[in-house]
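Scrolling down, you'll hit the structures one after another.
After this come two complexes, each holding chain A, first together with chain B and then together with chain C.
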Partner chain A sequence: MRNPSSGFLIFISMQFKKDNLLTLLLLFPGLVFFIGLFIYPLCITFTNSLTISNHTGYSLQNYIDLLSSAKYWNVIGITFVLAISTTILSVLIALPLALILRKRVKGHTFIRLLILLPLTVLALISALGLLIVWDKNGWVNLFLTQVLPFIDEPLKINYTLYGLILFYAWLYSPHTILMTLSSIEGIDRNVEQAATITGAKPFEVFRYITLPLSMSGIRSGSVMTFLLAFGAFNVPLIAGGNYRPLTVAIYTEAGVFNNWPKASALAIIMGILEIIFILIYFKLTKKRSAA
Partner chain B sequence: MKSMLKLCAVMTLSVSLIAGCSSSPAESTTGNASKPSPEPQNQSITFIDTAGGANTQKFFSEMIPKASSELGIKINYVTGSGAEIQQRLSAQKQGEGDIDVLLLKPDGVGNMIEAGIPFETLENNPEIPNISLVEPSELKDALGIATNGKAVPFWHDQFGILYNSDKIKNPPKSWDEFYERRGEWAGHIGMIRSDAKSGGGRIMQRDILLGYGVDFSKPFETIQKTAEWTNGINKFSEFSKAFFKPLASEPPVLFQQFASEDVWITEYAIDYTLWSRDQGLLPKSVKSTFFPSGHYGGAAYLAIPTNAPDSQKELAAKFVNWMLSEETQVNMMETLWIYMGINKYDNVPQTVWNNVPSWDVVKKSRIPLNNNEAYTFLKEKGMDLVK
Partner chain C sequence: MIDKKVMISLKNITKKFGHATVVNQLNLDIYEGEMLTLLGSSGCGKSTTLNMITGSLTPDNGEIHIRGNDLTHVPSHKREIGLVFQNFALFPHMTVFEIVEFPLKIRKENKKERKVKVMEMLRLVQLDHLAERYPRELSGGQQQRVGLARALIYQPKVVLFDEPLSNLDAKLREELRFEIMNLKDKLKFTSIYVTHDQEEALTLSDRIAVMKNGVIQQLGTPLEIYNEPQTPFVADFVGISNKIVGQCVGKDNGHASIQMDGFQLRGLVKHDEIQNGDKVIIFIRPEDIQFGNECSTKENTLQGEVRNIVFSGERKECMVGVAEGETIRLYMNKQSDIAIGQGLFVHLPSDSCKIFKFFANE
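Take a look at the complex of A and B:
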């Protein structure tokens, strides 16, 4: 006679196999894309980074050269300064804007459309457009110098570091704004009202209720902005002047000097730095939202 | 569960089927130089442009329909890179080629001839009578590369001094004068970075050094030991203090600097700059001038690959003849400000000469990039020389 428990085990194992197969099948297209378009090129890039320009074997020479060069540390520094500053600026823009827009003030639909505008324009076009707008004879400076009586000198924005951060913020902050807005709009207003009724002041409501509850949106939006700013290419190439981040350095190594191994090593370093930073950021913001 | 499995299986099969039906990488062509689908018309040729930029591509897009209607041939105009076309041509067998006419830069012609890609001899081809309008010496070599009649110049592009005539009434006439008078235009002299993708900055550095007497026909190792080199490098560094900073990362940025009047004077491609001016991208007052010490001069050459079927070669020759006609060439010069491939400047209108120096002045001191090592040095170290 068949043992009922063994029959159950066979049923479970069959079910498990079936589920596994189904999972595998469902994962298959995604895996193919992930391996083909990400893992495989990444492996090629990594292998390439270990070769030397004259292709005489494998070594860590490219990494040693890059990491022992003050020039490249400067490039890494600029990349982080740009990405972090843009992220902070985008959060500073996103939070008040989201708080205003959730109240459905007059013209909020138009403002929402305006927020989307930078996403619809190519970065290259935006970069050239921003250069023109912020030029010493551009609209902004014309307005400042000709309309405002207390400003005589045009603002120097183009090719400066803070100008570049401004351009980045214009292009990449919509991601933070939209995600923050969606998480703030998802907060149950009754919770905030309950806090107010129990005596919490508006700032306390914001500090202890609204901010923690919107943290997930702020976090994902700011990560998105950080990643885009870290990988920005067209804007710093066109409008960066002497501020040339990692992407431009990679482009120069590969496209101008034809030194693909060095460019690959830079790309791998860039990827590693990006992952490390995101992990730290997630850990810090997770702790904060948990607190 | 079953239906899910079926769905997945169908999807996987469909994807595999689609992947299987698509052509293999070896069969497909890459980039924008893919062969357009064959036309039902009998008379059709494919013309591939590997030498043009935005200006010339726009010109061709307007000119090709005219050529098509006049010659009664459908002309497929495609752009591509020299290296890519070389790969394609080397894989094609005699009589099976699908490229009928090529427009190449001199190094492209050289690389292909060196790689053993066969081209038709255009000299004495009865279908190309207009070839008689070309300077005979230019049929023998393409800026120092022996072509032996297999390539014919279509245009000559030229670097020169570009300046805003509203800001500079009396432009300099030599690099020495430019250097001496740099204080007049301090902070308004433009240059593209020497480590940019565009070679404009490196060429400017090379031409400045040339102007200070550096002889680039010598080996680079010898050049570096000369007093002219040391003097040239020092003078360049001093000169660069008067440049507008930051240097332009690529040509559009230089143009933007011109448009915003940050830059008043620079050395760059005459044709592209003046064409950009006509497109409204630069001040209308931008003009060009030429230093007797010379500036970089390039060219683009027409060639007919031998591997194309014989019937196609005849049509290709007719098209080449049309391209070399005086009407087409003058039209090109008027539109693009680029010097003609043929040597027949009598019918070029005066308006052209009001904008660009005469060919007689230019042709005497056109200098190709003839020292690769020196050019690479400027590419890698050029930015260190800018102060």
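Take a look at the complex of A and C:
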């Protein structure tokens, strides 16, 4: 009897026989990069997570401690709230924007450049800049309280959850916008016209034709936004206030309390959560776009 | 034509893109149950006219009436028109069934009734066995059948065709042409058919409007258009004609004598005013030309030499050189044993020679 892994080895060796040395050579740098900088650290992190500081031997104690503590569930919750609201916000910004931009309205190239702007600025710089702009005495609040007659109180944005989501959206929605834009601009306008002529109202054309046809772009863009928001570190560290997502918690464990095993366990939990979420997300949106 | 009701009426329609006038004060009535073809080369304004009827363009001037209602400023989705596209424009994310069902779905029809109607329509276009397929899994001809079914399922009174067969190969084109005619007989819709293919126009239409530069050059039945072109453009554009350029040297009741380099022809003058000395152009169809080894009449008979013979399947096409730089194209029976280099008398019946004033951009 052959077990599955030996079958896999036979498959690999067969591939080697067929392919020439060149393929292997070309694969080599990528493999080294992938194994050295991703697989190896991941393994280290994983084995780390199974140890307990000042103890020898392996155990799941770190995981048990983390998952039985309300504090860390709170951290996980905030991470998801931040990432999901950012993703939703980015889609809500991307769709109307893409629908307008594809009509090549006046100044559309300028707006396209503006979309790229957040990508060109370091997250750290962005966060600091946003803190200044949205400060109690910042430009936005100065404008609101000094220029507009009906607003007296300055808006509280900095160090609030809404403020953090706003910052996240500014930083990470370009990915959703760009992917949505390219898929919406790829739609054959004749197809939408065909739907209109058969009697579909503009909203029905959007609902049944435009949206399903741009779903692939929205999906891949929003997944990128989600992952970036889920893994954001600089921004919540300096602009998060009391809202500490997983990344900040991991940093605190490792950098402040020097508890690397606990930090490793948190990192592994974070990775697993991300993978699970993406699988669910793809399942859900796939159904939507096929319907 | 007396008791026919006007279905679509275009009144004095003008459309400009920038400085270019694409459609210029067009007036056209389309009768109920009729198939009218807008025929013309690209840029003649035929597609623009169609787009104004569907509502995707708004005319700068003039009105569009369908069944007596002014629809000039009514949005597309309220016009109850069917449209068949050149590039099919099927919904790529839906199955054939869903595509054909779509117009009924947005009309909020009962689901069961929808299914019955869609399957019936699919049977009509012979696609009931492919209902679960996606457009990308179909051939061009099948895709256009879906396009037809989608345009007809909600029983619009008016169905527009925007070069529906241009993306298909020759055999399929003919097949679908007959299918469209059959569907029209069965479902009795009024239609406007846009094409640049004159053969399609001649075989499909009840009437043809030949367009050029945003203006209708001639409106008539296929027979009228083919046999009695009123302008040199129509004579040139529809069908194949020999074109001979010469100078008018004499006129007598409806006929004129035209002098060419080394020979003279008599022909019919009907639609243009021609004076002695005018530069003119004679159109004559290859199939109207008679030929033989002996000379039977003197008038309009030229002696020439066979320069080239092309076998095209149903006939032989023959180029006969009759004078310096002047060749005449004529059709022969495919069994004909006339060979290249042989001498031949060609007779151009004077009533088939149509004389127009010479025009520059022929």
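Quick note on the criterion: the second predicted complex is superposed on the first by the 262 of 291 C-alpha atoms of A that agree within 3 Å, B and C clash if a C-alpha of one lies under 4 Å from a C-alpha of the other, contacts with A are read in each partner's own complex, and residues count from 1 in each chain.
Rule of thumb we're sticking to: a contact is a pair of C-beta atoms (placed from the backbone, for glycine too) under 8 Å apart; a residue touches a chain by one contact, two chains touch by 3 or more.
Model, not experiment: these values are computed from the prediction.
More residues of chain A lie in touch with B than with the remaining chain of the pair chain B and chain C.
Using the contact criterion defined above for the overlaid structures, shared-chain residue A:26 touches chain B, although it does not reach chain C. Of the two partner chains, chain B is the only one touched by A:238; chain C is not.
Once chain A of one complex is fitted onto chain A of the other, the partner contacts of A:188 are limited to chain C, with no touch recorded for chain B.
Within the superposed three-chain model, A:196 lies in touch with chain C and out of touch with chain B [touch as defined at top]. Contact with chain B, but none with chain C, is seen for A:256 once the two complexes are overlaid on the shared chain. In the superposition on chain A, contact is made by A:208 with chain C only, not with chain B.
In the superposed model, A:131 makes contact with chain B only, not with chain C. Taken in their complex, chain A has these residues touching chain B: 18, 21-22, 25-26, 28-29, 128, 131-132, 135-138, 159, 237-242, 248, 251-252, 255-257. If you check the complex, the residues on chain C that touch chain A are 54-56, 75-83, 85, 87, 89-93, 102-103, 105-107, 150-151, 154. Residues 1, 4-5, 8-9, 11-12, 15, 195-197, 245-246, 249-250, 252-253, 256, 259-262, 379-380 of chain B are the ones touching chain A in the complex. Taken in their complex, chain A has these residues touching chain C: 188, 190-191, 193-202, 204, 208-209, 212-213, 289-290.
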